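Each remark here refers to the structure printed beneath this line.
As written, the chain order gives the labels A, B, C and D, with residue 1 at the start of each chain.
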Amino acid sequence: MDFEVSEKISIIVDMINEFVDKELIPLEPEFLTKNFSELLPVLREKQEMVKKMELWAPNFPVECGGMGLSLVEHGLVSEALGRSPLGHYVFWCQAPDAGNVEILHDHGTEAQKETWLKPLVQGKIRSCFSMTEVDMPGSNPVMLETTAVKEGDEYVINGHKWYTTAADGSQFAIVMAVTNPEAPAHLQASMIIVPTETPGFNLVRNIPVMGHEGDDYFSHGEILYQSCRVPLSNLLGREGQGFVMAQDRLGPGRIHHCMRWLGICSRAFDLMCHRANHRVISPDGKTLATRQTVQNWVAESAAEIEAARLMTLHAAWQIDNVGASKARDAISKIKFVVANTMNRVVDRALQVHGGLGMTDDTILAFFFSHERAARIYDGADEVHKTALARRILKSYQGKNIK
Amino acid sequence: MDFEVSEKISIIVDMINEFVDKELIPLEPEFLTKNFSELLPVLREKQEMVKKMELWAPNFPVECGGMGLSLVEHGLVSEALGRSPLGHYVFWCQAPDAGNVEILHDHGTEAQKETWLKPLVQGKIRSCFSMTEVDMPGSNPVMLETTAVKEGDEYVINGHKWYTTAADGSQFAIVMAVTNPEAPAHLQASMIIVPTETPGFNLVRNIPVMGHEGDDYFSHGEILYQSCRVPLSNLLGREGQGFVMAQDRLGPGRIHHCMRWLGICSRAFDLMCHRANHRVISPDGKTLATRQTVQNWVAESAAEIEAARLMTLHAAWQIDNVGASKARDAISKIKFVVANTMNRVVDRALQVHGGLGMTDDTILAFFFSHERAARIYDGADEVHKTALARRILKSYQGKNIK
Amino acid sequence: MDFEVSEKISIIVDMINEFVDKELIPLEPEFLTKNFSELLPVLREKQEMVKKMELWAPNFPVECGGMGLSLVEHGLVSEALGRSPLGHYVFWCQAPDAGNVEILHDHGTEAQKETWLKPLVQGKIRSCFSMTEVDMPGSNPVMLETTAVKEGDEYVINGHKWYTTAADGSQFAIVMAVTNPEAPAHLQASMIIVPTETPGFNLVRNIPVMGHEGDDYFSHGEILYQSCRVPLSNLLGREGQGFVMAQDRLGPGRIHHCMRWLGICSRAFDLMCHRANHRVISPDGKTLATRQTVQNWVAESAAEIEAARLMTLHAAWQIDNVGASKARDAISKIKFVVANTMNRVVDRALQVHGGLGMTDDTILAFFFSHERAARIYDGADEVHKTALARRILKSYQGKNIK
Amino acid sequence: MDFEVSEKISIIVDMINEFVDKELIPLEPEFLTKNFSELLPVLREKQEMVKKMELWAPNFPVECGGMGLSLVEHGLVSEALGRSPLGHYVFWCQAPDAGNVEILHDHGTEAQKETWLKPLVQGKIRSCFSMTEVDMPGSNPVMLETTAVKEGDEYVINGHKWYTTAADGSQFAIVMAVTNPEAPAHLQASMIIVPTETPGFNLVRNIPVMGHEGDDYFSHGEILYQSCRVPLSNLLGREGQGFVMAQDRLGPGRIHHCMRWLGICSRAFDLMCHRANHRVISPDGKTLATRQTVQNWVAESAAEIEAARLMTLHAAWQIDNVGASKARDAISKIKFVVANTMNRVVDRALQVHGGLGMTDDTILAFFFSHERAARIYDGADEVHKTALARRILKSYQGKNIK
């Protein structure tokens, strides 16, 4: 056992932390008050700086133009980036593009890679992943209603999707649709590339979330696919393999999210400690840091963050070493542990800020409201707990326990 | 002991529930997407309906034009109104006007009542209460920095306030300012009426809260008082009595808030149960209502709401019967119990809605983000717990316990 | 609404509190170190004092020799008695005798009343209630395996029971056994009186609980019924009505338990506050009472106890006024709320006592270990939550919620 | 980063698990019903088996006759041993002897080592550590009242200790006493070896804990030192260094405890899963494992145990690599995290067992009651949280956080 982080990654993480502090956090007041599209020019500048620092696309394969970090390494990078909502976007390892790159890299044809993967890795285009449906419980892929029917050399797609993150401004979507309705439940759907300019791809609205419609990358689209036709060659991988491919994508994707959430924890924790040290609560100059309740929150948060962090790095290490499939218990655990840890730490940090915590004068209110979703997407807490428990309980069958 | 609610109030509560369902809840989608000022015309219509139903200003004294309900009675009314964010405003018992009416009624001169109380009760003007300062911990009135210095027959007010709720659009503020800096800590400040059109009353901004500046009644102002001059006759009550008067106002005010939060609980609980019954999670038609985790949330929420409700009614009954001062333990308890119950119930209801809960397609995201403040204002959880515990622990001194 | 307690009950409760303090708490060190049977002589003396004070059997009907208190009234009495583990026994309103008295009173024949009820109310004999079986989940009466088969004018009982509280030293058991195996699930079992001296009634052992076998009244028996024959006239009520009669008994029985647990809360809370005030933690004489963590526990415990108390009194009031059947939601709520509140308050009190809390030098370790059972018997938390939630969710079907 | 466990330790842990299952767990029913001293002969046999397997004294230095495992390695061993209350004793790495061996090894003179260390490592004698006093808050060493006054070539010790674990049957105590009352607070006390047969060493009683006095190794002594005289040569290390030496001892000692608690977690978790799989709750054969509440407990327990385990191994790795002093934040965290995790997991396992969980028919009731102390000894939760938070908050002073 060795908990040491390599010198290489330590240096990279230090560089990123400094960059986030100097270049990104100062942009947050604008981020909180303007449309995201208004920030695009300045973010483009920051992205150029990142490219010059050779820190672009840290998790993408080297052959695609990324840094090719392992999952443990990218986890540590992702934690540093997650400290600001702008981090992943500027370093170009943001969801859902990161996952789409993986899919295109693993399953794309040469032509698909040339057309979509290359410009995507370079940051010239953006993409979205169109799976979730209004009436589809996240936990049950069998209930997908969007269909892609073959007509001649085309798929004709019909369906109603929502929560297609970042659809607004994307050049293409990877759409999950039923192509083989007669197949067994988990082999009915396929992934298909749909350019967003295709007729029949209708972005109905950006769903208002916590009072904000958002725009461009920071948005969640509701999309009506109405006889939307794309060539058969837009199929990704093999027909009916959509869920298998999605599953492969989700394991590492959950590590990305968890480490990003740990970055949020880290930022919120810093703000909490800073506020506690500076908020005077009595005329003799005593601060909130002297209150045992605040001390309890600091201690508990520190312990919970460390627990969540070690678990996530452990899960990443498992994926790196034995593959996502054997790491699935570890992945299920971190999905609910880290999301809840993050929500709790942000809640405490907000409380320590009092009225200020409710305002947009800090980033905490944004984290509190928007990152509440962490306990829901990519499998709600309840879904992961049940799936994990069933596997565990099954493993005890036939064992003789005293 | 008798837990029966009188027939009179039962009927009133039924009428209000029906009104909220039919007239106010349908306005919520507009409320969530438009500026509040755009809703004023339609809300004015609803207010006229309320007046015709003779349910206007339920908690205001009869002689002021209100219904003169007792605190227990108004608590039950407030619970029904709290089910929509528009309830209290339309029935004209909203904070901070409700509290200001009390102050004017109890401490105002005849002239003050004629000028400010009368039109305020009639709904012709609005008001705000300007106490909180950026560097003043809510728990420590001694640290007030705003001053009102006598010059001739005027007070000259200087200071920096924030979280002056509903300042935008108000005709006057009741300002808490230090008039007697040499007096003992709790006798330094006074309440002074400041018309918002007075030169030197500068509404710097509506503070952005959870991503929203808000406007008109739904806003929290940051105000700079810069040599703001008002006649000495604008003093409310006696000089140096500001905190005593504020304290009197806070007891019943906390009942109002708690019962409003119980209305939010009730609404969130309804939505949770409805969603659980309707959300299908498997192809055989099973709903979320069949999941034991959801059942646990329903059962726990039902129990916690009932507990919070009985405690709040008990505290109101104590105030009605023995006065706010003797009821202060009960008031401290409900302040943190009900706020936390409400936050928990809303959180569970949101989780049961999954992705939908994050959107503005239900009222839950609004409750989740904006009502997070309940654990902060009017004394944060921590402040009430400490104050309550100290009184309790003191009461044990000298007791012989085995 | 009126939360006032009548003067009559206030006086009774004061008398009981004083008696518990002066006569029973001083006996606890003996109670914790000796066999219960060794205490019987001194407890008999105390019982004579109670009879002289005319506070004997407070909840039993007047015509049986009790005080005939309403459930709300007895609740308040039970709270005072619950402060010591000896309270209910000495005032003769202990489980399971209290429930058995109710059953005999409501369903017994004149002969049964003469033989069993009369001496039981007078405290001349004790009884037990033999329902729970090793493999019977408390929540599922259908799975009862003990049978009572008619042979001639006798029932022949065979079965294996455990957790038959207070069997050791009892003169008779009320046994639940299947008499009508062909009937619908809830109509298969009957209650039968079995004198413990009957051949075939074999008390195998007193089950060791938390390291203690216990004895006499403070014990839980494991009983093997082996061809145990009693006359048909020992049937209580009608055949097949066992569960219905048990259900009737459980509602008020849960109130008794909950109020007893509130007495435990009260005692633990007193000890916690006393210890906090007296435990010096620094050379300058500061006590634990100055620590905010302890203050939080005091405040939270005070609030939780008040909540649990109001809910329990409310449920008792409902039973008194509309019957146990209509009060079942309220009863389900208090069963899990009060049990958990009690376990939490005792846990906090123990923690405030540090190492001392683990010892038998206070009553807390006894409460901590033995009263852990509260979350299990008479329906585990989980069973009540699920049952309650299902009724609630059903009540929402067909409702139009927005 | 590498989470792999070495093959050597994997094999050792497997051997130990098997030994615990086959040789120790079958002794538990006796352990729960008899005096510990009655088990000594059979335990002596098991210890001989351990010696033959060359697994004796795993954490003691090789030169003392132990296996010389690193802290990470011993942590993994300790986890396996902790599954039974008999594990550490039989493998001879039990507290407080393990700590006393360390002290004697690091600070003992050659004569002290010959007389006490050698037979102690060989298992020929036992020892105790006599620090805690009735009125001394664990967190404040300054408040020690036991004194050791030099008279000629002797120390004369007077004082009142309690919670001197395993004093009953020990051959010597290491006593913490004030030798230098004029020195700064942390330099007043010294450690002195006191043979238990010394006149003036009076074991007043074994403190009854959770209803049990215990005996021999499983006991906690109350000791009155009354003019107890020992030669000056019994001083351990240097005068006034008692606290420094105790502090050194506590870091690794907490790892030992935490890993032992993780063994308890592991055992309780196994029992919970086994019971869930086997407890039938409905006539159609459904088991508790199908209930989502139980599934939640399984999933949450699995995650919490993994978190606690990784944190503890991380802390052990830190001590192994940078020393206990630099690892103190990690040690503070695990002290409260692991103790609470263990208490929660045991509580859930007990609840899943229903009435059976309260009995001594499983080991759970023993864990539930006796291991409650984990949140108290070696620094209560509250003490560690406050100490940790203060260090963290201090580290933020002067930092510029945005």
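The rule we apply is simple: a residue touches a chain if its C-beta (ideal position, glycine included) is under 8 Å from a C-beta of that chain, and two chains touch if they have at least 3 such contacts.
Going by UniProt, the chains are A, B, C, D = Acyl-CoA dehydrogenase (ACAD) / acyl-CoA oxidase-like protein.
Only a predicted model underlies this, so the values are computations on that prediction, with no experimental measurement involved.
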Other chains in touch with both subunit C and subunit D: A, B
Chain whose mean Cα position lies farthest from subunit B: D
Separation of mean Cα positions, subunit C and subunit A [Å, integer]: 52
Chain centre separation (subunit B, subunit C; CA means) in Å: 42
Chain centre separation in whole Å, for subunit B relative to subunit A (CA means): 37
For subunit C, residues contacting two or more additional chains: 291-294, 296, 382, 385
Complex interface listing, subunit A residues touching subunit D: 1-5, 21, 25-26, 72, 270-271, 273-274, 276-277, 289, 292, 294-296, 298-300, 302-303, 306-308, 310-311, 313-314, 317-318, 329-330, 332-333, 336-337, 382, 384-386, 388-390, 392-393, 396-397, 399, 401-402
Touching residues (chain side subunit D, partner subunit B) in the complex: 291-293, 296
Subunit D residues within the subunit C interface of the complex: 32-33, 132, 135, 137-140, 142-143, 162-163, 207-212, 279-283, 291, 293-294, 350-351, 354-361, 365-366, 368-369, 372-373, 375-377, 380-382, 385
